[in-house]
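Letters are used for the chains, namely A, B, C, D and E, taken in the order the chains are written, and counting of residues starts over at 1 for each.
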Amino acid sequence: MSQDNAPAPYARRSRFAPRWPRKLLGTLLTIAVTLLGLLFVTFMIGRVIPIDPVLAVIGERATQAQYDAVFLELGLDKPLLQQFLIYVNDVLHGDFGRSIRTGQLVSEDIKRVFPATLELATLGTLIGVFIGVPLGVLAAVYRDSWIDQLARLVGLVGYSMPIFWMGLVGLLVFYGILGWVEGPGRLGVFYQGIVPERTGLLLVDALIAGDWTVFKDAFSHIVLPASLLGYFSLAYISRMTRSFMLEQLSAEYITTARVKGLSEWDVVWRHAFRNIRIQLVTVIALAYANLLEGSVLTEIIFAWPGIGQYITTSLLANDMNSVLGGTVVIGSIFVGLNIFSDLLYRFFDPRAK
Amino acid sequence: ETPPNMLVIANRIDDIKTFDPAESFEFAGADVSRNVYEKLVNFDPLDLDAGFQPELAESWEVSEDGTTITFTMAEGHVFASGNPVTAQDAAFSLQRAVKLDKTPSFILTQFGFTPDNAEETIKAVDDKTLVITLDQKYAVSFVLNCLAATIGGIVDMATVMENETDGDMGSAWLRTNTAGSGPYKVVDWKPDESVLMDLNPNYGGDKPAMERVIVQHIQESATQRLQLERGDIDIARNLSPEDIASVKETDGLKVVDELKGRLMYWSANQKKDMLSDPKVLEALKWSVDYQGMADSFLNGQYTVHQAFLPLTFLGALTEKPFTYDMDKARAALAESDHPDCGPIVISVRDAQDRIDIAQSLQNTWGQLGCDVTLTVGTGAQTLDRYRAREHDIYLGAWGPDYPDPNTNAGTFAVNPDNSDESGNTGYLAWRNAWDIPEMTQEALAAVVENDTDTRAGMYIDLQKTHQQVSPFGIMFQQIEQHAMQDSVENFISGGATTAASYWVVTK
Amino acid sequence: MTDTMTNLLDIENLRVRFPTRQGHFDAVRGISFSLRRERLGIVGESGSGKSMTGRAILKLIRKPGQITADRMQMGGTNLLTASERQMRQIRGRHASMIMQDPKFSLNPVMSVGQQITEALLAHEKISRRDAKTRAIEMLDAVAIRGPDRVMDLYPHEVSGGMGQRIMIAMMLIPDPEILIADEPTSALDVSVQLQVLEILDKLVTDRGMGLIFISHDLNLVSNFCDRILIMYAGRVVEVCQAGRLHEAQHPYTRGLLNSVPDLEHPRPRLDVLKRDPAWAEAPSVSALT
Amino acid sequence: MTAIDLNDLSVWFGLGAERVDAVKSATFSVATGESFGLVGESGSGKSTVLRAIAGLIDSWSGDMSVAGEPLGRSRKRDFYKQVQMVFQDPYASLHPRHTVDRVLGEVLKLHGFSDINSRIDRLLDDVGLGKGFRFRYPHQLSGGQRQRVAIARALAPEPRILLLDEPTSALDVSVQAEILNLLSDLRAKRRLTYLMVSHDLGVIGHMCDRIAVMQHGRIVELLDVAQMRTLNAAHPYTQHLLDSSVRAIRQDRP
Amino acid sequence: MTQTSLRAWLLTDAPQSRRQATAAAWYSGWLKLRGNTLAMLGLIVLVVVILAALCAPLLATQSPFAQDLGARLLAPGEQGHVFGTDSLGRDIWSRLVYGARISLYIVALVAVVAPLLGLIIGTVAGYAGGVLDVVLMRFTDIFLAFPRLILALAFVAALGAGIENAVLAISLTAWPPYARIARAETLTIRNSDFIHAIKLQGAGPIRIIMRHVWPLCISSLVIRVTLDMAGIILTAAGLGFLGLGAQPPSPEWGAMVSEGRKYILDYWWVATIPGLAIFTISLAFNLLGDGLRDVLDPKEAGK
């Protein structure tokens, strides 16, 4: 089913402005409203949680005087709404505050951890797409045959496995026993700091620097967690592809294509697949967004210093600045991907114009 | 395989917030600090039992009245920047810690230093002489032990002040940068990921064998072990007992045990009627399977210990009066006012070893007839409740803040004002609402006793009473088990008194 | 013309069977007919198996469905034994089919031009450019104005009548000998309907094509076709010459004829068809020639 | 007396640049007991007129009155005791998860009838479905049977006026005959007024007394059935429509 | 009634009573489901798990909480422990069967709360349209854009750890997709003729939403929910993994995996057996959900 992934209907246009600026304005307004809401909810959660943010700063041994000083410093004496407005104002100036936990600017932290997640999620999604889509198409074409059943089983296994358990087992087998891949972390210790950091994406940086040994090592580190995440999203992508394809393959225009004497390959890929591309983009965007936010457990197990782990650890340490910052980033990406797939939809589907 | 001049360690280091010695108060931070900053006095990693030794200060003199200590600075210590270490640097560093008044500052301020008087009380007379004035007489060992703590690290005044912003005395810069005279300097720190240290080219001591040290943050024990087995790391510091057991069996790997200062204890809130009944407390203390836990899931990582001073500390009490004895426990409970034992809630934070201990307590106390439930929360959550004195039983761990017996005596056995208003959250006795005016006096008396043996005796007596009457059920002392490649020698994580030292390691 | 007498298609005892949970269901039950260069109409009520017959000829029945027959001969080819590969050669090239509803039968995300040239490129070694020229000519031939422009349109941008004509152009461009038109006009307005029929008519007369015209509109078929098969419940109950439809004997045919309200001949009540179970059981009437 | 009176009715959809004027100042009236037909090409606004009368569209201007009562923006339940509608597609007009019994029962309950059981039986009888159909789901019914249920539902509140939107266009000719006969019978029995849309002039000619021809949202001509039969139309569009529905299709027929 | 006549009674196309109509509708769904081997496999597994949960006291060989520090980490089969023992010497098999209760409880609770919330918000937004739609959908978007585990963690942190709170937190994070589905479904339904028809009887919006729109949305929700079951258990397990799910010593499966992960290299079964249990039950739910898709999807039923 595709309904749940349908791009969000964006706010109604005002009556006055001409068409496309109005559309743009509406989209921007929607993003703004959504993000503001996101900020508000996160902020409220941060304040409602019955954990003392001051304690997170000063730790177990502090005296009451130190406590009071930090209380004032964090602006906790001000009314909630004012605190929120101050926060929004800061965020608008690109200032997410300082992380209590790492002692660094949250924006710096995110600049560091986000590329790690981005790299992992991107590779994971690519794996998911390159295996999941053909698998889904095959399953649909050979509906109810053993291929379909196999694809279903493979997909559902991916959907059902506890990812943290598979992570540990994968690590044990492929790293511990077989030694096919490198272990936890993003890069072997000897390779650290060799290639200059440009994008923060190690694979890309290594390519830019033309350093193959670093590239190989980084790839060997990422391949296992990425495959796991890929497998997880593969499940979702292939199930969705299958149901989209089934819908298209039963459409009348497919028979038309067959009547023309087209080969099966053309019928499936040129005709049916063309029609699901756009739905598929939405699904892939969603899967991608899910990997960006949802790989916390994988990150922990593979010691992957990514944003999921960052936010979770921060949350457990009640480091709300980091949590808010990370959430805003992930939320924005989510909204961004949503809008991107919406735009793609408008751009590619001749019917949407 | 790791290169011969490089040490790779897997450890949980996500608690590092800063490297600034005036602020740093975490285990992983202390490890870094010890290798980067030198102190006036310090511990020799190869002979920790010898106690503090001269380092930046080559000698010191105590005035007649015991309130003034004059240090003479040693030659040949140079900061990584190339600046020599002077008394001005030392004075600046200590004043700075007092003035910044961050969490660990109490270690210094307990001697009467305040942000206002710091410039007078801590003073560099010349490049070589530092004079410290205390508000009263203290045991010299107490003072010097405190100066050997992380907060006693001496920073490079010139470099730090160059990087000052908004009058913060360089504290923003020192979070992520180091300016010390120790064997190493931090080259790169990626929070939750790794710390990279290289040699300090100006280090005055012998050139360490390890020219580069990398500490990687690896959360999972299984992951650390796999890395060790594959030779990707030299040392794994957080292996579970089961993983340790297997490493012991593996060729080419070895395990080194080191007693740490961390205690595992439970404590009962004295505001709760039933839990303030001494007989109930006694019953609870008898019905803990100390040895069973130490031999099973805590195997090798904790040793049974029942006094508030950890072994290897001055005056540590080795007696372990309580065993797992259900008969005695039942008898004690029967004598109490609560023979049926009411509901008990154990607050425990979300760490697996603590949850395991809590489950064992739940099991054995359950056999007494108590209805025990657990609430697991994040560290901050449980601590919050503890500080607000809302818990029933808190299952916690306590590590000494500085290498002097007062660190634990001052919190387990001191409670100057038990009122809610006083908010004396720094004292564990207060957190458990345990009102002990006499014991407080006794503990404070030990602080000023300058004769070391007498002082030790005072602490032993204090602990003996404490063991029997306190609402604290101290159960275990931590043993850190480091698993490492056979070739690694001299890795010492600092025992109960200090942190890890990398500069003596060879392989 | 001499070859108007040769049969383009011979079908004997054609069955289309679908397995269902309650046993199997025969949508077409043993019908026989042949097609020459003529207009052969197939009429019958909804579900009587008209479309299935059309699709069975091109072996386009979807998966669980099965086709059986004693004979299926198209020109020199035995369709029964033809492989899927051979069938692809036949489809489009030798026999084509116009689908019921242009709205659903054109690929919504491919331009009209792409869809038409594709049919050509699948069968002939021809450059894209030439294919395009041919496609424009073809669109012109089916009376589409501004064919260059229409080539770049997407199906949702053309009206139903245009869509139907595009379908026709698409199916005719490889120049097939047999065209099956499945209710090509039922979705159209009366006026557009006429245009489409005119085009089809011209093709049969000018190109000598064989046309199978499927419809449920008796009047239309009787006016347009040469021969008519009347289907009921998967069988052919009657075959007659188009001009003589009004003389049809079978009660089902008569019933159908009488139930249509006629503007010119009003009746107070319409006759209602009384179905006789025997109709469904009677053997199929052969329409072989 | 007039059952339906439309004066200068305009209906539009959407706002601003997207506005579609579906009906433009339509004016006609239907007498009580009369059967009035609405014809025109696809998209000319026939259904829209019916839906506006039924109160399913808000964006309209002009005057409408039913049985002498002017209609406002919202309709009371009483209005629906007067006017009911039958939709084009019997496959879409029944709730796929409700049995016939439930469909009719709910309507009767909404209109406050108490003897629901007997009424359902009677309604089913009226539309020529036996009691055997009462507990079936739509998927167990043929198209014609579904349309009968839809008609039964429309008859349930005992309305005076039925709006029929192409009630047979989705059906076979043979089934169409049954439904058309049923509608004629009901009209005779219950003295109903019909406003009926169809694009099949044969059906309209069979059922209606007068017709209105619509093109591009406008009513271009009103004529009675006799004029229609004699192909006597003034407006060229009507003429064309009549022509094409009776003209021979092949000119070259020998 | 004999068997054949019962079957005929159920298979009838012309039911004679309300009861028969409902029964026949269920029976035909059942037949369809039965035709799907994999879905049946899923169903059977689920039935077995439910039975196991119900009969836990009978099946368990000892108390799920009984510790025996002397017999810890035994391998499957040793000393009569079918699946071995865990780190506190508790019998894994007994914990597993008792744990089934908790896992099923979580699933059942979430499966009721989240879709209901989504259904209400989605259908109201879809049916009302206009400002209410925009507001509700913005609201949904905000929650959808939230990192899910983070939101759940935050809720749990706010409410305190524990299974009920975990369930609540998961529900609060799980509803937005359901709201989206329900809204999309409502949008297609709300302009259909049968809704017009009931409007023409003067029915009010609440009645239309509850009695006419809901029944149609529910089928696509049910399909989606069964597919999500696995995710729910896994999220709960994930919370347990982070120590925020069920409280020890409760034998919740996720918590069991999390406890056992320390031992995975040498005592693989401690984490693997509950892991396999989670895997099995979620696979079962997925297979069943996949089958239900065929049974419930009105689009398919129409054909």
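Just so it is clear, contacts are C-beta pairs under 8 Å (C-beta built on N, C-alpha and C of every residue); 3 or more make two chains touch, one makes a residue touch a chain.
All values reported here derive from a predicted model rather than from experimental measurement.
Steps from chain B to chain C, taking the shortest chain of touch contacts, total 2. The minimum number of touch steps separating chain B from chain D is 2. With every chain reduced to the mean of its CA atoms, the largest distance from chain D is reached by B. Taking each chain's centre as the average of its CA atoms, chain A and chain E sit 24 Å apart. Separation between the centroids of chain C and chain E, computed from CA atoms only, is 49 Å. Computed centre separation for the pair chain D/chain E is 46 angstrom, with centres defined by C-alpha atoms. In chain C, there is no position where the chain touches two or more neighbouring chains simultaneously.
Residue positions of chain A touching 2 or more other chains, listed in rising order: 50-51, 168, 172, 176, 316, 318. By the touch criterion stated above, chain C contacts chain A in their complex at residues 55, 58, 60, 62-63, 84, 88-93, 96-97, 99-101, 104-111, 118-119, 122-123, 154, 156-157, 167, 170-171, 174.
Within the complex formed with chain A, the chain E residues making contact are 38, 133-134, 137-139, 141-151, 153-155, 157-158, 160, 177-178, 180-181, 184-185, 220, 223-224, 227, 230-231, 234, 237-238, 241-242, 254, 257-258, 261, 264-265, 271-272, 275, 278-279, 282-283, 285-287, 290, 293. Chain A meets chain B in the complex at residues 50-52, 55-56, 58-67, 69, 99-104, 109, 112-113, 168, 171-172, 175-176, 179, 182-186, 188-190, 192-193, 300-303, 305, 309-310, 313, 316-318.
Within the complex formed with chain B, the chain E residues making contact are 65, 67, 69-70, 72-73, 87-89, 157, 160-162, 242-244, 247-249, 258-259, 261-267. Chain A meets chain E in the complex at residues 1, 3-6, 8-9, 11-12, 30, 33-34, 37-38, 41-42, 45-46, 48-51, 149, 152-153, 156-157, 159-165, 168-169, 172, 176, 239, 243, 293-294, 296-297, 308, 311-312, 315-316, 318, 323, 326-327, 330-331, 334-335, 338.
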